[in-house]
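Here come two complexes built around chain A, the first alongside chain B, the second alongside chain C.
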Partner chain A sequence: MSEKTAKKFDISKHTGLLSSLIAIIGGLVFAFLVLILTNPSKGVAAFTTLITGGFQLGGMQNLGTLFYFATPILCTGVAMCVAFQAGIFNIGGPGQYSVGALAAILTSLYLSKNFPGPLAWIVPLIVATIAGAAWALIPGILKAYFNVNVVIGTIMFNYIEMYYMMHWINDYCYDAMKGQTRAVPSQCKLPQWFMPAITSNRSADIGILVAILVAILAWVLMEKTQLGYELKACGKNPEASRYAGIRSKRNIMISILLSGALCGLGGGLTHLSVSGTYITMKEALAAEGFNGIAVCCLANNSPLGAILGALFLAFLTVGGNYMQIYGFQREIVSVITSVIIYFAAFSLFLKLYLEKLLNRQKKEMNKVTGEELK
Partner chain B sequence: MEKTENIIEFRHITKRFPGIIACNDISLDIHKGEIHALLGENGAGKSTLMSVLFGMYTPEEGTISIRGKEVKITNPRVATELGIGMVHQHFKLVQNYTVLQNIVLGSETLKGPFLDMYTCRKKVIELSQKYGLAIDPDALIENITVGQQQRCEILKMLYREAEILIFDEPTAVLTPQEIDELMDIMKGLAREGHTILFISHKLEEIKRVSDRVTILRRGKLVKTLNAADTTTTQMGELMVGREVSFHVDKKPAEPGEEVLKVEHLTMINDETKKKVVNDVSFSVRKGEIVAIAGIDGNGQSELIYGLTGIMPINEGTISINGEDYTRRSIREKNMVMSHIPEDRHKFGLILDYPLSYNLALKNYFKPDFVSKTGFLKFKKFDSYADELIDKFDIRSGQGRITMARSMSGGNQQKAIVAREIDQNADLLVAVQPTRGLDVGAIEFIHKQLVEQRDEGKAVLLMSFELDEVMDVADRVLVMFEGEIMGNLDPKKVSVEEMGLYMAGVKREEKQA
Partner chain C sequence: MEMLYFICRYFMYFFIPLLVVSVSGMFSERSGIIHMGLDSVMVWSCMWGVLCLQWLDGVVEGQMRLIIALLFAGIMGIVLTLLLAVAAINLNADQTIVGMAMNTFAPAFCVFFARVLQDGSEHLSIRNDFLIEKIPVLGDIPVLGEMFFTRTYITNFIGIVIFIISAIVLNKTRFGLRMCACGENPQAAESLGVNVQKYRYAALIIAGFIGGMGGLMYILPVATHYSQTVGGYGYLAMSVLIFGQWRSLSLFGAAAFFAFCKTIANAYSGIPFLANLGLPSAFFKSLPFIITLVALAFTSKHDRAPKASGQPYDKSMR
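Let's look at the complex of A and B:
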């Protein structure tokens, strides 16, 4: 046991990463058990497919699918990181995400004729971002100026969005034949650049690049700038922040609007993607919004960590799509992700426990070496 | 002496924290039935040693024997079973439970599956009468005074039949009268055969109440003395490791022009509609230290909150250097006013920020610390932190990158004092700046306050410690029920007379 800690690599400095890894491994072990117990004969094969992300079956073109799934949850994940670090528990991801998506669809359907060249996709994206922020505006005001619990405020807005959405879709962009939103015009789709080449997937686009860029920018904002210093200060100790003259109301507004904007952007990127997707008329909240919380938990609130978290969850989703081959329901992936999220929720606890454990070991080591020295 | 039976024996206790050895090879015997004081500066290891005894920390080395038997105290539950009880510095009571509920919480008497509150109540009342711990069992914790809360904590220990009682700085939060009562209670408990371990920095109290005193310094046991055979001066020297002066050396004040002028300030509590600050007017001039004295809860804290902008004021004006600051933002006030806040954890520090971030809390937005584009200049953060750490001797495990949370209370306070003094504002508002600190740190902070005054700053000091007020201030305003009762010269007024003003018995004619 002590030999392990004697390694040069100091684990105690990376307990955050380690706890996320443990969360992931715990989730996977559980997944394995579920698969084996449901169907012992095919469990191993299914599990292999799952943890290889289906790459051995689907080949490299799955990389494009992976990026497609990762894009929205990376955006919402980063959105949650920014909000949580500022102490704002934004649960309004689904609403902000869907409003962004609808804004992008409507803008491209009605206004795209007016925009030449790349503006045709840039403008809808910007509108999506603004729409996401706008959807967070009222819960933000309620929190900042009337001290209404932000969880309640944002959750309520998810439901307002869900029902309004049907009304809006029905009135403005309903394709009655297919029972879903009308297709986005092709000139409004995201450009593809070199993405099809590197992913061997014809419909890969730059969505993931935008999302990664946004994650990096968010990290820089939180870690390197004055605004980030203030936002985190408000998150860690609102009273001391007030004492220091930081305007907490303004910061609540900034963090929740930023968070909403990122969710909206996620919606925009997904619905302008080359592979294309639609909003159907059903009473459901967008899962991408809630999965952002999972990404954020896995990433320990770090926007950079969110990149890995989002890619990992997307990886599982891709693998999960093959589960039907083995006679499993593809929902099994949702079960597995849920378990991982459960474990991730424990990751703080795990982190503290690991730190304690490592400290103890270190001390025992010190003791041993100390006695040797004597 | 009969008291020679050892109830606790510490043998070679060593406890390390990252970067610090909190207890270094401590061996100590505690006699049955004595009041044993542990004295030491902040970070000397007294609290750590007691936490080891109470099972909150496990020592790396060493053994503890209780009643002659070696024991492993792995958690507070084990300690409780061994008859050890602890009154923490910060009480651990449920605010909206009654006194009785709090006392029995966790060890309720049951009748079948139901609570047997009648038996509980009888036992609590018996204990309360036996030891003179007057309480109202049905009062809610949130409605009773700090002193009564403390009695509730003591009863909690006695209810669990604790024989060894640990008091962690029990007097830090009490008024002088309450301290007297507590001392009597402690003596009474010792007479009944309880053993009391008493952590304190206050030399007078130790001399008054304890039988023996053990002095710790930087994790090491310096000496154990009979309290009766020693003097406060000797204890102070052993504790700090050098001579200390209890008296603040200062020249007579040379007040200059007015810096702070408060007129007819009134603040009304939203819930009770009571005027917590009632028509208060005063001024502070350059080169003087004005103290606000009074018993806790007479509007002093609210007055400071109103002044610094943390709470809204209802009526009146505040002007600084002749300019109206009544409605200015906290940030604008911060530019002309430094503020050492009363509650260092709530207001003074962001505990999960590193020391360097905390030291920059009032500066991070200034051009030295942030570029025009909004990026923080971390080099400046680091050099500024190192400068203050050096200048004010702030000790921590890992220097500027230490998380504020992991620093000792005294060093947290030093960090705040360093930051606020370095603001170089015309007005320094210091609220309880030495609360919970040891003699060495108190001396240091008092010196800093006087130095600020001598540099021509206006200093407003709010303190519940009468000694501090009498020693440091040039002028004292006594508050009672939200009003200023007197504007006094500490050199001309005795402590007893001050007490009368504090109790609202005496009042000066309306001062200018």
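Let's look at the complex of A and C:
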């Protein structure tokens, strides 16, 4: 009997990974078709560049770029995992991310100059995290106490952020010459430590390390603590968990605040990075917020999986940028991402379906998974 | 008085697409499928509609050109919505995630496609000669004629007709009532001989067609070129749908309310009283969103969402 259960566990583990792989392959096949159809002569070369992440052309230096792209989407991805597992569909990523970014910029411009040593970058990061959480506070309250659909609440806050961002930048940190936010003072930027050495990229910094640490902490929280268990229980069945004595309102607040905080941190990390980013004066929602959803789907809602998911999407982004050499637009990366999310949506079903079969009939189990594993 | 006419015209520009697209969402959600991808359907079919306008340039003239393009946009809307249909109905996918995938897909693909088509430029220009200066007879009615029947677009009337027809279909016909049954309790509907899958497909095809037309309706009065965005109208339509509690008449009111706020937000600088308040433009622009949230806070306690909405249909569950 123990043998059987061990085997069962093993295969259900496979199905999770399998569903992500199916999604990725689906996305790549679609991309290949689009590239071939739009330009048959250069399609293959462009596709090769895409899936080698441009390392062929750009060399190891790309590792730094890859980490740079992965940092924000890892943070927002983990944020989405935490929220989705608790049954909260937080689409407010773009808003929370941008508010965090602005908070980090403002703190470093106005306050942090006088802080000694590492506090100069730690304080802005903390402020960014708090700002992200603050931007999720009202949608959270509306959901928990007024039963307002959280999707709508967070979307509305995205747009409120989008319009107010212009106003805030204009008033507090506008660089009129360049039409963007003022540059962050150098002592407030993230330290580099050993990162330039291992990535052979001069502007690599510890952003990715912070993000990975956060992902691991989030995993510990969700999998190893009572709070994480309660959050997940609320996500699986809110009614049942309420009868079991779990305070669902409190848990809604915790999960959405955590999610907002992580998005805010992502914004902070990106805008304090050594390579330097600015918020431009454009009425647009930050793509990093939405890409977090893609990372989360790829990772089957697991914060640890999000590390792989974020690195993979960043890898594609780097490759996509190099693809422009062949005259292809880098928007193809977003197209691939969307196809991957699409496939991920029902590969989750495939996974559940496989597991259901496992439970029902042992014979059929062996057959189906045997086919899939081929 | 001129001010009133000005505001009224502006109001219609916002109101019609919001109404039409939220009706599209209503079909989908009343049949039990959450349609997060409304925005993508708008962006996508808007592009095809604009392309169709370009193709027809010189071939067909006048309002006919617009009507053909609207139909084409509607058909392309169906094509994209079928992606949701297959995933949600046949593959039991997570509908919200599919919607988000569509929302990522459409703008990216349309930028890509437009650039391939035009060698680098992503803006598709629109030759707009559809403004109707004055509708014969109706335009002569005092006040009302000025408000609704001069300097207007044919899409305004098509939008209203779509709303009326769909309200009747959903609430008064056997087809519509059965469709709603699929969204409330699909197992019970199935036990009475309703083919849930078929009805959901029908609902999504209708939703795709209406949503696709809504995309083109949005862009005509407000822009001279298409640049892969519809200003988040799909998301707004979704909140109108929730605000309107998934019911036709409330939906009409919700769309009107939201469009009114939006009009004030965009036209406030032309209204002396509001312009003199000295508030930042960000305040006015975000006003519709803030007011909607406040209104939702007071109306959401008793949620009238279709009960089976968002859950994949499983015949074996009772």
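Rule of thumb we're sticking to: the second predicted complex is superposed on the first by the 339 of 374 C-alpha atoms of A that agree within 3 Å, B and C clash if a C-alpha of one lies under 4 Å from a C-alpha of the other, contacts with A are read in each partner's own complex, and residues count from 1 in each chain.
Rule of thumb we're sticking to: a contact is a pair of C-beta atoms (placed from the backbone, for glycine too) under 8 Å apart; a residue touches a chain by one contact, two chains touch by 3 or more.
If you're wondering where the values come from, they're calculated on a predicted model, not measured in any experiment.
Chemist: Let me test your reading of the model: by the given contact rule, A:Phe146 touches which partner, first (chain B), second (chain C), both or neither?
Modeler: A:Phe146 sits against chain C, while chain B stays out of touch.
Chemist: Per the contact definition in the header, classify A:Leu262: touching chain B only (first), chain C only (second), both, or neither.
Modeler: neither
Chemist: Considering only touches as defined above, state whether A:Ile160 meets chain B (first), chain C (second), both or neither.
Modeler: Second partner only.
Chemist: Now for A:Leu313: first (chain B), second (chain C), both, or neither, which partner does it touch?
Modeler: A:Leu313: touches no partner chain.
Chemist: With both structures placed on chain A, which of the two partners, chain B or chain C, ends up touching more residues of chain A?
Modeler: Greater contact footprint in residues on chain A: C.
Chemist: Using the superposition on chain A described above, determine whether A:Cys188 touches chain B (first), chain C (second), both, or neither.
Modeler: neither
Chemist: For A:Ala240, is the partner it touches chain B (first), chain C (second), both, or none of the two (neither)?
Modeler: A:Ala240 sits against chain B, while chain C stays out of touch.
Chemist: Just to be sure I read the superposition right, which of the two partners does A:Gln226 touch: chain B = first, chain C = second, or both, or neither?
Modeler: first
Chemist: Within their complex, state which residues of chain A touch chain C.
Modeler: By the definition above, chain A touches chain C via 34, 38, 89, 91, 138, 142, 146-149, 151-153, 155-157, 159-160, 163-164, 166-167, 290, 293-294, 297, 329, 331-335, 337-339, 341-342, 344-346, 348-349.
Chemist: In the complex of these two chains, what residues of chain C are touching chain A?
Modeler: Where chain C meets chain A, its residues are 36, 83, 87, 91-98, 100-105, 107-109, 111-112, 115-116, 232, 235, 238-239, 242, 280-282, 285-286, 289-290, 292-293, 296-298, 300-301, 303, 312.
Chemist: Would you mind writing out the residues of chain A in touch with chain B in their complex?
Modeler: 224-227, 229, 232-233, 236-237, 239-247, 359, 363, 366-367
Chemist: Give the list of chain B residues in touch with chain A in this complex.
Modeler: Those residues of chain B that touch chain A are 16, 18, 60-61, 308, 310, 329-334, 339, 341, 346-353, 357, 361-362, 364-365, 370, 374-376.
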